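Below is one structure; the comments refer to it alone.
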Amino acid sequence: DFLNALQEVKSAFGASTDDLERCRLNGIIDCGSRHEHIKQRAMLLAEQVRQSRGSPLMTCLLEGPSGSGKTAMAATVGIDSDFPYVKIVSAESMIGLSESTKCAHIVKVFEDAYKSPLSIIILDDIERLLEYVAIGPRFSNVIAQTLLVLLKRLPPQGKNLLVMGTTSEVGFLDSIGIRDAFSVTYHVPTLRTEDAKMVLQQLNVFSVNDIDSAAEALNDIPIKKLYMLVEMAAQGEHGGKAEAIYSGHEKINILHFYDCLQDVVRLL
Amino acid sequence: DFLNALQEVKSAFGASTDDLERCRLNGIIDCGSRHEHIKQRAMLLAEQVRQSRGSPLMTCLLEGPSGSGKTAMAATVGIDSDFPYVKIVSAESMIGLSESTKCAHIVKVFEDAYKSPLSIIILDDIERLLEYVAIGPRFSNVIAQTLLVLLKRLPPQGKNLLVMGTTSEVGFLDSIGIRDAFSVTYHVPTLRTEDAKMVLQQLNVFSVNDIDSAAEALNDIPIKKLYMLVEMAAQGEHGGKAEAIYSGHEKINILHFYDCLQDVVRLL
Amino acid sequence: DFLNALQEVKSAFGASTDDLERCRLNGIIDCGSRHEHIKQRAMLLAEQVRQSRGSPLMTCLLEGPSGSGKTAMAATVGIDSDFPYVKIVSAESMIGLSESTKCAHIVKVFEDAYKSPLSIIILDDIERLLEYVAIGPRFSNVIAQTLLVLLKRLPPQGKNLLVMGTTSEVGFLDSIGIRDAFSVTYHVPTLRTEDAKMVLQQLNVFSVNDIDSAAEALNDIPIKKLYMLVEMAAQGEHGGKAEAIYSGHEKINILHFYDCLQDVVRLL
Amino acid sequence: DFLNALQEVKSAFGASTDDLERCRLNGIIDCGSRHEHIKQRAMLLAEQVRQSRGSPLMTCLLEGPSGSGKTAMAATVGIDSDFPYVKIVSAESMIGLSESTKCAHIVKVFEDAYKSPLSIIILDDIERLLEYVAIGPRFSNVIAQTLLVLLKRLPPQGKNLLVMGTTSEVGFLDSIGIRDAFSVTYHVPTLRTEDAKMVLQQLNVFSVNDIDSAAEALNDIPIKKLYMLVEMAAQGEHGGKAEAIYSGHEKINILHFYDCLQDVVRLL
Amino acid sequence: DFLNALQEVKSAFGASTDDLERCRLNGIIDCGSRHEHIKQRAMLLAEQVRQSRGSPLMTCLLEGPSGSGKTAMAATVGIDSDFPYVKIVSAESMIGLSESTKCAHIVKVFEDAYKSPLSIIILDDIERLLEYVAIGPRFSNVIAQTLLVLLKRLPPQGKNLLVMGTTSEVGFLDSIGIRDAFSVTYHVPTLRTEDAKMVLQQLNVFSVNDIDSAAEALNDIPIKKLYMLVEMAAQGEHGGKAEAIYSGHEKINILHFYDCLQDVVRLL
Amino acid sequence: DFLNALQEVKSAFGASTDDLERCRLNGIIDCGSRHEHIKQRAMLLAEQVRQSRGSPLMTCLLEGPSGSGKTAMAATVGIDSDFPYVKIVSAESMIGLSESTKCAHIVKVFEDAYKSPLSIIILDDIERLLEYVAIGPRFSNVIAQTLLVLLKRLPPQGKNLLVMGTTSEVGFLDSIGIRDAFSVTYHVPTLRTEDAKMVLQQLNVFSVNDIDSAAEALNDIPIKKLYMLVEMAAQGEHGGKAEAIYSGHEKINILHFYDCLQDVVRLL
């Protein structure tokens, strides 16, 4: 069933730091070849850093729509790399701090990384680290400048570092020069109908007859939204059905599923 | 009569925190199917959170014109959910505080919620929490960033949280990315003629002959404005009539009612 | 004569707080039916608050051109209501204070009002309270947010409050949402020719032959400007005539009156 | 001769406060009927304030091009009024002070005036008091708000006040509502050819043949610039002629005068 | 030779304050009639101030393209005037100071000047004193206001002051009203071909055959850039030639000179 | 092989300060005649400063696209000049400092330089020193003003200084007047196909057959990006090939190289 599927996928990854695991609340499921390809290229960068002679610093940006799986992918690279120092920098742990304290925190993470021969730093949701809002736009230039310098500053002799950033506002990062400060940028996509179908099959919560139409309706959905939607639909129209669905005794009512889809998907 | 009707509706809700009750000064009256439908969907989200395995955090935005009943509805879900922790965050209790103190206050409410297995937080009048004015526009980015992070941050293992926001400035929330930070958004509408008629019948302050024309005149009025208007009209042209009207001895003069309507409804 | 007329009108109002009286430097004279109608509607709101069950808070905005008599009218309602707590909030008493001190002062007035069963608060010249200038425009958002919250916050159980605002910048108040925060808005007009004539007759400073042409020239003048103009004209072309005019021994020279009018009325 | 003429005009005014006298460095010469007319109207306002019953506060703005004689005229009214309290508020004495200290200073001058039965306050170069620059435009809103309130605030019972402002940026004052805050506004003009001729005749530094062409060339010059230009021309092409000219032994070379005129008058 | 020529020109000026001398690093060479004319007019203003009765304050702005010799010219007037107090106010000596400290410094220089019967103050590079950048534009309004007041404030009785400003951003000074605050403005031009030729002849570093084509190429060059260019060219293509050229043993290679010219002159 | 080539090039430069050497992580390789020409002109400026009599201060800006070799070239001039004082001012060593502390640091470097008879100061990445972002644009005017003054201020008698700046935002520097504050500006270009081919031949990591098509694909690449790209490609499609390639046992797979190129080169 659905929840067990989640558990299985998760447990396949062995021990790793808690912070990184929390980034993959629903585990890692096969999301199709495009997701897979990007993950492999990112792992190759980790490899390059590990064996580096001429490039002690590599930087890579994962950009894509909200919920497309960027953070989970970066966390996965961090976990799979087996580097001694892997750290995620996130706005969650810096709520309410002043701009300069945030800067100090970020710089500290880099200084710590410089002490390890092999390090990965994940700058999660860079637009949030920068306190970005589209109106204005407003953002913290102090933090932006700090990132711009850190993304270019070489680690000390013999230390090697991979920096991975994630963002769903690549246009903004471009406009302030942070996108260009990364050596490479990969686009993490939403799910196409065929990807969505594969995911739904793995979750096993729809009847065989409904799975095609459900997948069709889900074209271009981000993986994170798909998970949330399935949970909503599993409740049933009047609540209380979730248990039965996850245990495999019942299947999701496709009409109620369409209803939930409409609540979630915003029509513009 | 009108006031007793209010009392009846109110007392139907049993004991609940005072703060939430104050949000329903005029109780909850049947406002038609569209209001009802939204309330049920919101209750279903509470249900999903209660039974959650994969979605410990659900977020839901109630948006609609000023006075359409958003706050009363959110309060009602909070009361009816029977969750151990239900808290409303409102600008009223934070007048004159600095942006950072407001942030601290908001964060505190979330931290408290994280200690309860089941919690509801109502972010009332989000544009007011954000100190929004349309000119500029101006608003507190510090508070906006705090909300953006809190609306995405997962509660600790085993804790589950429903966040409900209300706003009459959904366009603004959209422009700063806060609307998209909510999983679902529901539109709380004004009253259509048929809804208004039903409400007037329950209030019983018009003569049978006038009720249709009164309801007609009220098309598209928000429920809150309807209550205020009825009170104004009940005064009578020269004051002093209220008692007689509420006790059922007299009915509202329809012509005076039209007069009051013109004072209240702004013609653009 | 003119000055005695002033005195008479003034003394007709009996004892009342000095602050409110100072708002009616020239007393209250009959300015025509439109002024009168607005005053009555405002008194009715006071009545509604007095007898309120469902609407413990009423808010009313008096808007109109500079000098049309808004402040004097609000003061008159405050005096005539006989409410135990009537307070005027004005920029005059807060010159040079910081925004936050002004906020504190305003909040204090509301807190005090919440202790009285029946209160009236006059927010005089709201654009001035908000430190508004058209260029930019600039204004104090801190104070604006405070007013927006206070205009919506319910008094405690059993306390009832009427808030009256005055402004000559209703377009600005509209653009920042403060106009909509008031339940009702009334427009206080300038004097039409017939109103001006009536006022001039009461003042008795023109010869019977001149009064019609004088009133004609005054079409659309605000009452406050009319008073100032009459005083200027009463001086005479070379000064020193005022005594004679006010005592009724002489009348204002209509040609000199036209001269003064041109100094005062700005041609665009 | 020129300098004696200056002395004569000056000594005609008798004793008066030094500050006010410094505003008339070149004394007061007859500048034509338009200047004279304005001065008389301003004196009439002082008269109205002196005898006031209904208008304890009069406010009057003198606006006009740079150097047209506004400050000197206001100072003259102040001196001629014989009011016990006459004070000039000028940016010169507040260089480098903070906005709030400047406000305090201005408020203090008004408070002092409120203690005298009859007072005149001259707000000199209001745009400079407001720290105005056209780019932006930028200015001190704190000071602007202070002036807006002070220009409307009534003196205490029995005290009467005339406020005179001067400005060469009336368009700016208009845009921030300060022009409208004055009861009356007078335009102080530059010199027309006939006015300039009259002034030159009084100064007696040109030969009779040249005076017409000189005056012709000076059409539309402000009185202050005329004085400066005459001093420049009196130096002679190689310097050292001033003594001879002022003593009447020589006359200004009209060609050199034209040269100087071109240096001073900016062609756009 | 070139360097001796420099020395000669310099030593012709006798003793003077070091600060002023540093402003004429390359001495003063004959730059043609237009430069000369401006210098004489400026000297005449000094003369006027010296003998002043009616104009104790004269102000004069030297504006022109970067390097055209404004500072050197102002310094020269300062030196040649033999006034007891001559002071240059420059951004160089105020690097890193706050706006208000800079103001205080500037005010201090004026206060000191007011103690001397005859003073000259040079406000060098006014746009730099104002911390001007074209983007925005940004500048210090605090300092701008200070200058605007100081340029109009009369020295005490019996003290006379000439203020000379220099700027290469006259358009900006105009837009903030500082240009108009000066009594007169002179334009310090670049060198026309004939001026450049005359300068090159004095420097004696080109062969007679080349001097015309060199001067032709230098049309419209500022004198300061000409000096720098000659030094660059004197190095020779491979360095090391300077000594030979300045001592007169060799002449500058005209082709290399063209090369250097292209590096220096920016083609747009 | 590639890495040895790097080593060789590096060791050719002998002892020099570590800071400057770090700026040439991949040594200096022959990048074609255009790079070479610029380096020679810059060296000539150092020569001019060394022998200066009339120009104790020379300033030179190296501008060009990101990674084109500006910093390495400036460092090389610094090293090759053999001047006693050579200092690089870079944002890396000032992360998180306030604007004024940064200013103080920069001023300190200049003050130190003024103590040495011959100095070179490298202002690296001036847009970063200025905390520039394109949005707005925003930047530190305090630092900009400091640079504008320092780039014009003469060293004390007998001290000579060459200032070299680098930037990849020459348009921005132009818009704030900093480009014009430099005496000369040189454009450091990307590699043309023939330059790229020469570099690839020196690196010796492609098979002879591939080198032409590889160079063709690299047209207009900056030298720094070329190094990074070669390292990526050397990893091989599945990682682990780097050793074999650098030791010369294998060559880079041209197809994989094209793949990497696409990741790195951004198509707009």
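Letters are used for the chains, namely A, B, C, D, E and F, taken in the order the chains are written, and counting of residues starts over at 1 for each.
Please note the rule applied: a contact is a pair of C-beta atoms (placed from the backbone, for glycine too) under 8 Å apart; a residue touches a chain by one contact, two chains touch by 3 or more.
Note that this is a predicted model, so its numbers are computed, not measured.
*Asks:* Counting one step for each move to a touching chain, how far apart are chain C and chain E?
*Replies:* 2
*Asks:* Work out the mean Cα position per chain and let me know which chain is farthest from chain E.
*Replies:* Checked the centroid distances; the maximum from chain E is B.
*Asks:* Quick one: which chain's Cα centre is the longest way from chain C's?
*Replies:* F
*Asks:* Would you kindly tell me how far, in whole Å, the mean C-alpha position of chain E lies from that of chain D?
*Replies:* 35
*Asks:* Distance from the CA centroid of chain B to that of chain D, rounded to the nearest Å?
*Replies:* That gives a centre separation of 61 Å.
*Asks:* Just curious, how far off is chain D from chain A if you go by their C-alpha centres, in Å?
*Replies:* Inter-chain centre distance comes to 70 Å.
*Asks:* Thinking of each chain as a vertex joined to the chains it touches, would you call that graph a line, ring, star, complete, or other?
*Replies:* Topology of the interface graph: a ring, with each chain touching two neighbours.
*Asks:* Under the definition above, what is the set of chain E residues touching chain F in their complex?
*Replies:* 2-3, 6, 22, 25-26, 66, 91-92, 95-96, 128, 131, 133-135, 138, 227-228, 231-232, 235, 238-240, 242-243, 246, 263-264, 266
*Asks:* List the residues on chain D that touch chain C in their complex, please.
*Replies:* 41, 43-45, 47-48, 51-55, 100, 103-104, 107, 137, 139, 141-142, 144-146, 148-150, 152-154, 175-177, 180, 183-186
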